[in-house]
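This report concerns only the one structure given below.
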Amino acid sequence: MTEENKFEPRIVAFLCNWCTYAGADLAGTGRKEYQANVRVIKLPCTGGIDPLFLIKAFERGADGILVSGCHPGDCHYNSGNYHARRRWNVYKPLLEFCGINPDRIQFSWISAAEGAKWVETINGVVDTVRALGPFENYQKLNTIGSDTSVSSETG
Amino acid sequence: MEKTLKKENFNSLITGLKDKGYKTIAPKKDNNLITLCEIQEADEIHFDHIQTNNSIKEYFLPKTEKILSYTIEKTKVSIEEPEGFAVKSVVFGARPCDAASLPIMDKVFNWDCTDKFWIERREAITVVTIACDKCDSYCFCTSVGLAPDSKKGSDVLLTKISDDEYLVETETEKGEGLIKELETVFSEPPSGTPDRQVATVEKKFEIDKVKPWLDENFVHKIWAEFSKKCIGCGVCTFVCPTCHCFDIVDECTMAKGDRVKNWDGCQFKMFTLHTSGHNPRSTQDQRWRQRIMHKFKYYVEKFDNILCVGCGRCSRSCPADMNISEMLEIIATDEGQPEPVSSDEGQPVSKE
Amino acid sequence: MDNIYTPYLMNISDVTDEAPGVRTFRLNFQNENEGKNFKFQTGQFALYSAFGYGESTFCIASSPTRKDYVECTFRQAGRVTNALSELNVGDTIGFRGPYGNVFPIEEWEGKNLVFIAGGIALPPLRSVIWNCLDLRDKYKNITIVYGAKTVADLVYKHELKEWTARDDVNLVTAVDPGGETPDWTGKVGFVPTVVEETAPDSKDTIAIVCGPPIMIKFTLPVLEKLGFKQDKVYTTLENRMKCGLGKCGRCNIGCTYICKEGPVFTAEEVSKMPDEF
Amino acid sequence: MIEALRKKAEELLKNKTVDVVYGYGEGSVPERTRPVFITKPEDVNKLTWNKYCVYNLTTYLKKQEARKLGKPAIVVKGCDAKTITVLIKESQLKREDIYIIGVTCTGIGDPPATKCEACDVNTPLIYDELIGEKIENKEFSFDERYAELDEYEKLSEKEKWEFWQKQFEKCIKCYACSSICPLCFCDRCIVDKNQPQWIDPSAHPRGNLSWNVTRAYHLAGRCINCEECQRVCPADIPLNLLNKKLAKETEKNFKYRSGYNADDELAMATYKEDDSEEIFK
């Protein structure tokens, strides 16, 4: 294999417990296959995902991020995902403005019944990010001195 | 040793330094800032300024530096000492006040035990200053016992003697060595007395009067009065060439990490906050008093030197126009008896 | 050149839970030579690091007379102490020290000693208490007054028993009103009151007080009333510290750097400091 | 105008309407002013007004040292006055706890601050007393308001990254940007929280990126564009570009402009069922 082919993106997925996580679970129990590049972090609600989580994921070596929760109107806590939607609607453009490729941060609504959509979405994210290549810009961000490699370590 | 240096030879000087393996740090203009930063060519150097925005301390006590790295493997930890942090360099064109800060801070970094990060950088870096030929109303070097052409802390001092020529005076062996290394760039000293173009910095206060006042007035309404407008940021301490307080933090992933020394400042309320929530300096007047006291009383008692070189940076860049020399003027001319705190507005605000 | 910020690496050889959120570590040098050359005196402190989280300052809680190891006792409160409490026997921690000045125990020889501690402040005194107990014949009467919020909050419970059993130590334990259990046999009350009740004779006696600021504030007048001169009363102060070496510039009270000139001060020295602690 | 200002301040202090007037006073040099806190009627001559009155004095509402002086009257320009609307809306302040001395303003700074180019609040939108001749407030289109962003938005991804890295690299983590910000009023800032340590406290590129992005984001839908953060930055980082970008997105997506209308719901504290779905799959 050439060096290039070796790149497997590291995707961090922040999923809401009630919908997308259950959807991903459904995909599993339904024995649907999807690419194994994703590290799932389960949270109660998309409304509880602080934008700093995304920054931290990039700091710890993520190449791409997926945030996914219940469809609008289906939030287990009534309005969590509506608030989340507002937040991401301004946060994503901000990161884009700072030079972070918008395809590295993706959002979706996947319900507990949508195992197939989960498979499709996560495969889509992995493929997009694979095409973008490693997020070297962020991983190479200097910490202290040029020999520090902390930023590229996975934590 | 005395020499002269023609402006036209700056190019060969910078190239010469590069050839001899020196990294060159010099004032450079970028947008609205003039900063001491690494340069490659003489053309990049900016001369026509009063003061650089950043101080020389950045090259001896960086805003953030690794003091050790470690790897954690299960229960075992191995430590790795940082290396190569002291790079052979020349700071070219800093102001004499900046250079004067270095021997002052040597004292604290050598107090009983030696901070190698400071000392090894001090050894590796040669400081070539240019005497100020202009100043502004924030400058007060002459009030703290220095001058626009002070030699304290400089290895080599350049003083303008005509539009295209500088007088070169070496102050230390290191400076002399540097000149000898690049001998061809310099010319013989002028005959007769050269016309040194040095700014006249007005003396604003008698420094001798400051400490006696501070000795008496730990409690005084002026602290609260003067610091009311302070917003509690760290600008004054971070741009100051003599403020050396730092923080030590760990930055780490699961298995690897660095212990890092970062600039810290006494104006932050977090600076002295105990884990218990108790804060010995919980209000801004206490923090402002600490800054003045540290510079003009505590450091004097400990190291027989005031911790200020009169560069005026803190006042120039204060977001709220707090002016340190104005404060010192008030102190130095205050003939009154220690004034007990009684008036409403002078009362130090109660602790949190 | 040596890096003054490099800690010794130590193994945790024993962990004792003292009270809710309070733990004692026994530490051994990983490098035997370092251990052999290591010396400290009672009263000194050190910076302990949980790698990945940072350093935290506390006293050395063991006596210099007990060689081969050092002990520290800490309460889980901040980032570092929380991380430390996650560590177990066999894990590595960093140790930087000893720093600071010492209790002048030689000067105290031939005198009575009264130790007064509150809550989590017994650890700094434990070092000097054991040091003096290990040199028992050099001192006359030894009295220990120790108070905590509740019975559960008393630290070093085993040693308290040991001291109670000894007839050459007079131990008075107390808990704050409301903190007692049905079977509590000690005193109930705040430390200053208990000291007043116990009324140690001030003649030829040294008092060593350590506790939260509020306790010290109310205990010092009691001692004065009992006839203790200010230069016969010792205390230890603490402030936030980062370097422990007089460089990082935050632990000063006026001109006094706690890390270099402290942490041990006499009440007389403390009274001369500006009111900033 | 200065006379009217002083007269009003004197009156307010004399009849005890307020205990203190936060205003502008003479600075270190003629090109600067400084915040002053006038508590005695006889001191009102220390108040001044000129084009160097850059400060947004409402920032002192969050300082305990200033609040301790009692009920304030604050001299505010149109831009600063918007802060008060937000603070009231965010329950940080009650309208009756403050007396607003609005001043009409045609631009401050020399050269004029960027915010003054498309200023639509020459006359404050909220005040108890107006000093100066009332100026008809201009209206600008959406595009005009955010014209400053155009040249940066046009950059390629790589150029954007490089531009901002160059800017953030200069950051020295002095936190002047958040200290001066009247809307950064958290008692303990996210950078000061270390369990866990979300933002690296070190001033290295990684820590600087997370700090600057987070600072800006915490002001999303709140920043009133006083540009104080940018003015005080000793590293000359164009922080307001980030704030402005967020303001633009907030307006574009939620039709909300911070500080303009006290009746509007706070953009980031509410939602609409038909908010944009564009970025969601």
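First chain written, first letter: the chains are A, B, C and D, and each begins at residue 1.
Assume a contact is a pair of C-beta atoms (placed from the backbone, for glycine too) under 8 Å apart; a residue touches a chain by one contact, two chains touch by 3 or more.
Chains and their UniProt names: B = Anaerobic sulfite reductase subunit A; C = Anaerobic sulfite reductase subunit B; D = 4Fe-4S ferredoxin-type domain-containing protein.
What you see is a predicted model, and the numbers here were worked out from it, not measured in a lab.
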Message = Strictly by the touch rule at the top, which chains does subunit A share as contacts with subunit C?
response = B, D
Task = Just give me the whole-number Å value for how far the CA centre of subunit B lies from that of subunit C.
result = 39
Note = Averaging C-alpha coordinates per chain, one finds the centres of subunit A and subunit D separated by a number of Å equal to 34
Message = Suppose each chain is reduced to the average of its Cα coordinates; what separation in Å results between subunit A and subunit B?
response = 45
Note = By the touch definition above, subunit B meets two or more other chains at residues 64, 247, 249, 251-252, 254, 257, 260
Query = Can you list the residues of subunit D that touch 2 or more other chains?
reply = 197, 200, 202, 204, 207
Subunit C, residues touching no fewer than two other chains = 78
Key: Full enumeration of touching chain pairs   = A-B, A-D, B-C, B-D, C-D
Key: Complex contacts: residues of subunit A adjacent to subunit D   = 51-52, 55-56, 59, 72-73, 79, 82-83, 85-102, 106-109, 121, 124, 137, 141-144, 151
Ask   = What does subunit A use to touch subunit B in their complex?
value = 60, 143-145, 148-150, 153-155
Query = Which positions of subunit D touch subunit B when the two form their complex?
reply = 27-29, 32-37, 39, 55, 59-60, 63-66, 68-69, 170, 172-176, 178-180, 192, 197, 200-204, 207, 228, 231-232, 234-236
Query = For subunit B, which residues are in contact with subunit C within the complex?
reply = 67-68, 70, 72, 75-77, 79, 81, 108-109, 111-116, 119-120, 218-219, 244-250, 252, 254, 257, 259, 261, 264, 266, 271-276, 278, 280-281, 286, 293-294, 297-298, 301-302
Message = Taking the touch rule as given, give the residues of subunit D at its contact with subunit C in the complex, in rising order.
response = 194-195, 197
